[in-house]
Structures are given as structure tokens and as C-alpha cells.
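Which chain is which? They are A, B, C and D, in the order written, and residues in each are numbered from 1.
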Amino acid sequence: MVRLLAHPFDPWAEIESHAQRNPQWAGKFGAAAVFVGSLRDFNQGHAVSEMSLEHYPGMTEKHLDKVSREAAERWEILEPLVIHRYGQLKPADPIVVVAVWSAHRDAAFCACRYIIDELKTRAPFWKHEETEAGHRWVTPE
Amino acid sequence: MVRLLAHPFDPWAEIESHAQRNPQWAGKFGAAAVFVGSLRDFNQGHAVSEMSLEHYPGMTEKHLDKVSREAAERWEILEPLVIHRYGQLKPADPIVVVAVWSAHRDAAFCACRYIIDELKTRAPFWKHEETEAGHRWVTPE
Amino acid sequence: MNTIDVHFFADIRERFGKGQEFIDAEGIHCVKDVWRRVAGSCGGLPPVARVLVAVNQEYAAMDAPVRAGDEVAFFPPVTGG
Amino acid sequence: MNTIDVHFFADIRERFGKGQEFIDAEGIHCVKDVWRRVAGSCGGLPPVARVLVAVNQEYAAMDAPVRAGDEVAFFPPVTGG
């Protein structure tokens, strides 16, 4: 399941409700691997006071759906949960959640890592920071 | 922080309270990598109705503290959270949580994986299952 | 529909001063044709080598074919997650 | 304190029929001596190669030194997590 949110969210509560929405999963998975990315108050040499996240509506969902499907083809996993913020963010706000459930931990870890890596390098999001030194578009590290 | 629990627990709520107990962390980490292991209702060919987890009090805590410290020496991370159940468990009960916060995702993932792998292969826990075919000590796969 | 729907994002959107432009498909064969057409009206663009392209919301190369009705997007390297 | 505190876990505990035993440190030099002493009173033990050992709550080998006051534990391969 892929969700894009314009408002702050609680990653751990979202993970819990996703598992509860799938009661047939109970007892079937032995492993959950989760990545949560959040906004640091310091980046590439400057204090960050605010960030806005632009994205490409339509392409973003397509891309994240595709990456989730690819992960489910490569590893034996249940349907991943991918949530990503857009719009205005404050430091410490969660930006992204990737949660993967599986019978086994190696599949869960590998699929989680695959999805977040593909998301970071290919999903059409762009960060624009307000820093003590002015505003700037973030460039990939 | 290492905790051993004799009662069922909510892994996501525990992770959230750990971060809340460390308000000075807010905005300092950009990544959290989490592993949650839970009891499947099927293992090594048999339906499992109940499990008891025996451990070596004292050595378990020492071992998990040491592994957490080693992870913090190898990767730039904040203090990991490790929670492990013992005693009587039912299918779908969470068994273990490893949560690692870091400025960067690679450190968070690697440290999380290191801790759970060391825990699985070295921490003195032993699983005893009740299955449809009787009870048995679980052997490593 | 004899137009191509062109989108710009992030600093490229800012340089163009708009997020979207419809262009006439006449004379357009590939992405590079679209870029030349829209860039004509804009100074100070980043080097083409740093521009990413999507055609109909899938990544594409500068020489990928484009025809009337397509959606073409230009954007800088992505920084999500 | 002239004794050694010996612990058993999991199936090894079950075979010994107890989780703990104190033995006289007299004549004990290494883990293997401890094992021989306690195993003497017990049939049907797993082969030594499958038994893991901790001395004072740290993993140790069968030939690790042991003296009075030490805590020695015998257990099967672990299955936590």
C-alpha cells in the first residue's frame, strides 16, 4: 500500500494500523523490517528550520507501486507499506516509512532496504530547505 | 537500552516511548531502522499453538548490552533499543524488537541487522514449542 | 489533441517560472525536440546532462520518441526519502 | 567458597533433571573436568560437540580454566530472536 500525505503523521501508529487492517496476517509473519526517515535540523553544513517537499503527482504513486511490486517478486514478503510526506515539514517530522512483513528476517530486511534505496534514488521528490543561510534546493549526496 | 519482558508488549508503542524518553534526539536523527520478530503459528513443518522461551538471566542482559555497545562502536548511531520476551508466548506475540536511530540510513540498517544477527546466533535463549505433534525444543535452522 | 503536455519541477520549474506548458506537437519527434522548444523561451537553464526526463510518467532518455497527447516532464536529480 | 556453581539450560537441563548444581572445586581445572563430574550422574547426554559452555556468563571452550567461585553453564545451540 502506497500513501502520500500532506500532513504530519505518526509512523509507528500507521504501521500498527496497517497490520491491524490485515488480521489474516497474524501468526503468518515472523519478521517485520521497518525504515523511518525524518527531517534533521542540520543538513550539508547548515541548520534547517523548515523544508518543503515537492513531488510529481501521478508519477510518484506509479513509481512507488512499481518498486513495491518488484520487491514482492524478488522476496517472499507480504504487501509492503510505503508512506511519504509532501508539502511543508518541520525538523523532526517523519518523511517516509517503509515497512515489510515476511516469514523470515532476511527477506524482510532485503526488501525494506531495496524499497527505500529505490525510493531515494528514483522517486520524483525534491526537497527545498529553509536554512540559516537562506533557502536552497537539496542536491543528492 | 536492553529490556527483558515476561509479558506481551506492543513493539510500536515501545519504540515510540523510547524516542519520547530521549527528547534531545528530536531533529538529530534522520533514520530509524527497526526489526520486530514475532511468533509464527507454523514452524519447521508443524502448526504451533504455544511457545515458551527460556533464557539465562544475567548472561542474556550482558550479551545484549555488549552487542549494542559493539554496534555503537562500529556505526554512528544513537543508543539502540533491544527488547526480548521470555516465558509463555502465543502465536502472533512479538518476541523481539531491535530499533536503531542514526543520522544516516546505512548506519541504522547495518547496526540493526548486526544486533539481530548477533542476538539470534549468540544470545542465550531457547525456544520450546507446543505443536500438533507434541512439544519439542527448537533447533537452529 | 495535437499538443504535448510539458511539466517542470523543482529548480527547473523555478527557472521556467511555471510548472506546466502545452506545446504544439507539430515538428516534435523526441524529447530533445520538446526541450529545445521550451528552452528557447528561457535563459539560464541547467546543462541538459543534469536534467532528468519522464515521458508519460516513466523515466526516459533525451532521444526517446514523443508524440501528440504525451506528457513530458523535466526535473533535476530527485531527493526524496 | 570452595564450590563451582553449575547451570543447565533447555534440553540439557531436562536431561539433568535440574537447572543448577554446586560441585566441590577440588580436582577441577577446566570446563571439561566440570562436565565429567556432573555428567557422571547422568545418562543420555548429548555429544559434547553439541554442548555450548559459558564461564562466568561469557562463552568459553571446553578447555577453558575454571576455579572455585566460578559459574559454569552448559546449554544447547541458542534459538532466540
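Criterion: a contact is a pair of C-beta atoms (placed from the backbone, for glycine too) under 8 Å apart; a residue touches a chain by one contact, two chains touch by 3 or more.
Keep in mind it's a predicted model, so treat the numbers as computed, not measured.
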Per the touch rule, with chain A out of the picture the rest is B, D | C
In whole angstrom, the CA-centroid distance of chain C from chain D equals 72
Dist(centroid_CA(chain A), centroid_CA(chain C)) in Å evaluates to 27
Separation of the C-alpha centres, chain A versus chain D, in whole Å, is 48
Each of the following residues of chain B touches two or more other chains, namely 37, 105, 116, 120
Flagged in chain D as touching 2+ other chains are 81
Those chain pairs meeting the touch criterion are A-B, A-C, B-D
Counting only contacts in the complex, chain B reaches chain A at residues 10, 12-13, 15-16, 26-42, 91-92, 103, 105, 108-109, 113, 116, 120
As the complex stands, chain B meets chain D at residues 37, 53-56, 58-59, 62, 84, 95-96, 116, 119-128, 137-140
Chain D residues touching chain B in their complex are 7, 9-11, 13, 54, 57-59, 73, 75-81
